Amino acid sequence: MTSRAATNQVQELSVAAAASLRFAMAHLVDRFEHRNADVRVKVTYGSSGHFFAMLSQRAPFDIFFSADIDYPGRLVVKEYAIQGAPFLYAIGRAVIWVRADSPVSVESLGIHSLLVPSIRKIAIANPRHAPYGRAARSALKSLGVYKEVQSKLVYGENVAQATHFVKTGSADIGMIALSLALAPPLAKKGRYWELPSDTYPPIEHSGVILHWAKNPDPAERFRRFVLGTEGRTVFKKYGYMLPGE
Amino acid sequence: MDWTALWLTLKLAVGTTAILLVVGLPLAYWLATTRSKAAPVVETLVALPTVLPPTVAGFYFLLAAGPDTLLGQGYQTLTGGLLPFTFEGILFASVLFNLPFAVRPFTSAMGAVNRTLVEASWCLGVSRLGTFFRVVIPLSWAGILTGFILSFTHTIGEFGVVLMVGGNIPGVTRTLSVAIYDDVQALDYDGAARTALWLVVFSFVALSVTYSLGRRRWSI
Amino acid sequence: MDWTALWLTLKLAVGTTAILLVVGLPLAYWLATTRSKAAPVVETLVALPTVLPPTVAGFYFLLAAGPDTLLGQGYQTLTGGLLPFTFEGILFASVLFNLPFAVRPFTSAMGAVNRTLVEASWCLGVSRLGTFFRVVIPLSWAGILTGFILSFTHTIGEFGVVLMVGGNIPGVTRTLSVAIYDDVQALDYDGAARTALWLVVFSFVALSVTYSLGRRRWSI
Amino acid sequence: MNDGLVAEFKKQFPKGAEIQAMLRQPARGFSITVLFGPSGGGKSTVLRCLAGLERPDEGVIQFEGQTWFDGATGVSLSPQKRDIGFLFQEYALFPHMRVEANVGYGLTEIPKVERRRKVAEMLDIFGLTGMEQRYPHQISGGQQQRVALARVLVRRPRLLLLDEPFSALDATLREEIRPELRRILARFAVPVLLVTHERSEVISLADRVAIVDGGQIRQTGAVHEVFNRPADTSVARIVGMETVVPGKVVKAEDGLVSVAISECELTAVSTIKVGSEVEVCIRAEDVILQCGDIPAASARNCLEARVEAVTSAGPMNRVSLDAGFSLTALVTRPACEDLRIRPGARLMALVKAPAVHLITRG
Amino acid sequence: MNDGLVAEFKKQFPKGAEIQAMLRQPARGFSITVLFGPSGGGKSTVLRCLAGLERPDEGVIQFEGQTWFDGATGVSLSPQKRDIGFLFQEYALFPHMRVEANVGYGLTEIPKVERRRKVAEMLDIFGLTGMEQRYPHQISGGQQQRVALARVLVRRPRLLLLDEPFSALDATLREEIRPELRRILARFAVPVLLVTHERSEVISLADRVAIVDGGQIRQTGAVHEVFNRPADTSVARIVGMETVVPGKVVKAEDGLVSVAISECELTAVSTIKVGSEVEVCIRAEDVILQCGDIPAASARNCLEARVEAVTSAGPMNRVSLDAGFSLTALVTRPACEDLRIRPGARLMALVKAPAVHLITRG
């Protein structure tokens, strides 16, 4: 009897989240489940673009946390979302990152660390579709070094791949997300310099609840939790700026 | 180690190769023996999915099997569900996408079977089907093994199609290769390495055994 | 249509298959004829890269060929450069990753060559090498064609390894499949469809021609 | 209708030979028709058409009233449905099966024990016991041929087509196998079409012979008919010069028998039973001609004969004799002169008993 | 040192027969040694060991002073280096090459025009003209065998190993090909080892014969030695009963020749030149024995002979005679009694000229 009652009560929440959110999201889910014993959250991480393509075919997710604002916007236009607009939950911050063993003192050189002669390859995410890639390119342009470094750029499929390039030593330096630079696996393995936030358009992270969500109520609860103080603290901790800050 | 993912991977790989054997062997035999002008066209069609990037192929599969298409609606009326984001979906896509890795080796091996032996079997009163199983298949064994191994390993490693069609749902469509991919994306290099090592060791053992068993004792 | 990407794709596919022929044919012959206990192990090692998701395999390739490793340093002293993010890099990775698709079909076809014909050639004074070219290769033609087609199409469609090792640099490592993938990611579905159609039509023609030419006129 | 095999067809190879066949095997039950002729004559092709492995361009093939092929209506029965046994010239053993499995291959419908017994019996007959577990590449050429023969015979087809069944076997083995073969075939009562290029095999095996040359069946008939009255010189060249006449064993004693041929009686070395119908064969070069009285000679058969014709054959003359039956002798030209051999002359023909070869039929 | 072929080796098949060979071919230049014996005797295996296709377990193979194989030192020359010509029992034609390309396959080092000429010549000799452009599966069994033969002969190897080169050919064709073969071989002066299971082929081809049975070489020697004095009963059973003696042609006229054998002279049908050394073969069943005076007979050869021994051979007796040379006759038992044939008896032996077979050597 009890187990049946339990299954009746526990609701499953299917979350699709951009890969770059993984560490923050894990923390959030932990806290949320602690508070809401009746909800079990299952998160699937992946590329926002993939999720968009899949959600366009009604992939069975309840809520989608994208790493940008464009994909959720399009889902709203397609009338796949519950609300009339995506919810904005965090704003990404871009940094220039090197491995701890790099001779380049990125903290002091700032943007000029990209111009150090020993730098052969600079990894960024693909500006065509990755938000951090777009940010990196605008920053390079507004800081006036784009022409100089263009030939040294290599493009990751997403910001995580750009990070791999630097992490494996294949690229000497990279422009990645602060959230990744702070993430446990990388935190002690590298040094970074944050790009001034006025050099690139804000990397707005937004999300939507899908109208086919099996469990709209927990989804709504989770959305509110993420947007609430507790959620904001977590995002802050993991290297995001917050909407309205 | 993600045991459900391993289990799912195995299920997918075994299912895919099993279906490929059932579908591929007759198709290959037809291709190997026919003099029809259509044969090269069919062979080409079979090979075509491979030239597309897997994720993109998966994307087109999603489009083709979605609820708005004839295919999707037909499947829905038949089974009550849709293919995308289900195990059946990735199985189906995986079969389609691995077809050339099975059918091509099958075909080339069956084409090399001595025609006189087939005739000898017929003249001994054994039907075409019987001859196929008792003469053609054993004599093209090396090629069948090749198709088997290539499609098996490729299914295990493939994640583009599976990710797109399956939606990376744990326990349903999240295979080991998708899991490893995720781990790497999440910078969890150690986790990825552990899983990859497992996968490699497991595959190593499976392949070694297959190769050793697959060596034939007779000679041509 | 991105002509440089097409050109690069062709270069990569032709280069990969060419190297696979040069490396794969002798390796396959050794595997097909040796009685060494090491053979199944080598065959397994050849097949192993395929069980890893391409992106992950590419990641490990980056690790292995990076400037911190012996391999990377050795290559650097030899050539003055590094493998990652160069055409040579994706070529090398592509060869490694496509090895089983060429070597397995080669091996199974060569193993099916009538041993007596090889002996007959030797007894007619033709060296082992001459026999290999004049008897073994023609008689395993169907299998070689299979390996050729599988690795060619797979190289064209592959983007995981190429993206990871090549860094998507236009004109250097950005192949058609990477371009299509990018288009899809950027929601440029029309662009992706156009390129994909081109790729499919081109491959269709190339494969049809290959298949038609590849039919043999003699019988066993 | 129900009259054995009737075949009349034409097959044109692209850029190759044209093969024409006209063949009738009227007898039902066991009887051997031999296709005999030079290499490349078309023997294998005729058999392959009969087996349904090659499709003639036109014509008809009927067996026991059933149409196997008809060019006009497009009927063409599959080899399985024809229920034949076909021995391939190149053996066509399955390389992936052991000797035992090869021989038992066609015996799927009978119980396993029965199958094993039949296979073992066959292997025993063909001297292959002990090789059950070998693969074809592990046995010699002649052994392979015997396995192929066993594989065909172990079934009970309605018609046997044997393409050079003994070409890789030595004489001793052939002589051991042939009677076994006859015994089996007679038991099953299957008609046989057999290809050979050995003259001796024709005489020792055939009830009827069909001479195949240049893609055509030149002559068909009983062995003695064809051998004694070749239709044209090409057939004569192929069959050689032999006397082949029908006879009947009238006495048998101590390994020697007497055979009655029309009015005469000949002595031969044989163990054939009294009353048997036989084919009596005497090679032309085994006949010695003498004039006048004959002293005691080891030659058992002294026949009074009249010369019918003398024709030249190279350095020799071919002498056709009437000795109560038609007998051919091959003698040197000087001997012809010495003995004044010319048409009408009367003399004695000596034939040693071991030179009289008897072949039983049926 | 430089003394032709010396082979002495042992080969054990796993779970199979053991093959032992002891073979010497002392003569250099052209000479034919025939390996003769029943199916499964080990003939092909011996050839394969000599060719370097099979590795003996122990022993030595030397050719013209060069070591091809030595079990003790582990030396084993590759087939290419042995420079032999090997005809496979199963032909082993390359299925992907046309007849022309098959025959020319081994001729890589000579100019193209020369190659074409040589190939065309060979095809002509073997009656294959017009089939240059066919694939092996488009020609008949016998034609395939001839292509294989042409392919081996068109090169000039140091030693020829022919495994049943005529098994698929008809008698007429064989008789056409054999002299051509001899001519070619004599021109190249290559020694030949030839496998056959046909007794007549041994006599017509061999200079020396090696009897192979049960995996062993039972007896080696000149043909007449082995055929007249078999070492044991198994050899006797294999060779049959034949008279084979060396002789010399002393007169030739009009297609007939006289051959001197020790003191006697025999007449034979042949075109061999005067002065030739020949092997004279007479089948035991062709010898007729008579007592007393002989009237005019077509038999050209009447020899006075003394009976040396009479042994029983089934229903017949085998009579060993001394007629100036040793001659064997096969007569029925009643004839033996009638003529009182016993050791010491004197009688006449009649042999027809066409029954005296002459074989030239060298």
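Order of writing sets the chain letters: A, B, C, D and E. Residues in each chain are counted from 1.
Everything below uses one rule, namely that contacts are C-beta pairs under 8 Å (C-beta built on N, C-alpha and C of every residue); 3 or more make two chains touch, one makes a residue touch a chain.
Just so you know, these numbers come straight off a predicted model, no measurement behind them.
Enquirer: Which other chains touch chain A while also touching chain B?
Expert: C
Enquirer: In this assembly, which chains make contact with chain D and also with chain E?
Expert: Looking at chain E and chain D together, no chain touches each of them.
Enquirer: Rounded to the nearest whole Å, what is the centre-to-centre distance of chain B and chain C, using the mean of the C-alpha atoms as each centre?
Expert: 19
Enquirer: Find the geometric centre of each of chain A and chain E from their Cα atoms only, then give the gap between the two centres in Å, rounded to an integer.
Expert: A distance of 90 Å separates the two centres.
Enquirer: Would you mind pulling out the distance in Å between where the CA atoms of chain B average out and where those of chain E do?
Expert: One centre to the other, that is 59 Å.
Enquirer: Averaging only over C-alpha atoms, locate the centres of chain B and chain D and give their separation in whole Å.
Expert: 56
Enquirer: By residue number and range, which residues of chain D touch two or more other chains?
Expert: Within chain D, the residues that touch at least two other chains are 90.
Enquirer: Specify, in ascending order, the residues of chain A that touch 2 or more different other chains.
Expert: Correct list: 53, 161, 164.
Enquirer: Hey, what residues on chain C touch two or more of the other chains?
Expert: 55, 59, 114, 181, 184, 216, 219-220
Enquirer: Can you list every touching chain pair?
Expert: Chain pairs that touch: A-B, A-C, B-C, B-D, C-E, D-E.
Enquirer: Where on chain D does chain E make contact in their complex?
Expert: Touch residues, chain D against chain E: 13, 15-16, 37-41, 43-45, 89-90, 133-134, 138-143, 146, 163-164, 167-173, 197-199, 237-238, 240, 254-256, 267, 269, 271, 285-286, 288-300, 314-316, 329-336, 338-339, 341, 350, 352-355.
Enquirer: Could you list, by residue number, the parts of chain A that touch chain B in their complex?
Expert: On the chain A side, the touching residues are 14, 19, 22-23, 42, 44-46, 50, 53-54, 57-61, 158, 160-161, 163-164, 167, 180, 183, 185-186.
Enquirer: For the complex, which residues does chain A have touching chain C?
Expert: It is residues 47, 49, 52-53, 74, 121, 123, 126, 128-129, 153-157, 161, 164-165, 168-171 of chain A that touch chain C.
Enquirer: Once bound in the complex, which stretches of chain D touch chain B?
Expert: 51-53, 78-80, 83-86, 88, 90, 92, 94-97, 105-106, 108, 135-137, 151-152, 155, 157
Enquirer: Can you list the chain B residues touching chain D in their complex?
Expert: Touching chain D from chain B are residues 114, 116-117, 119-128, 130, 134-135, 138-139, 141, 216-220.
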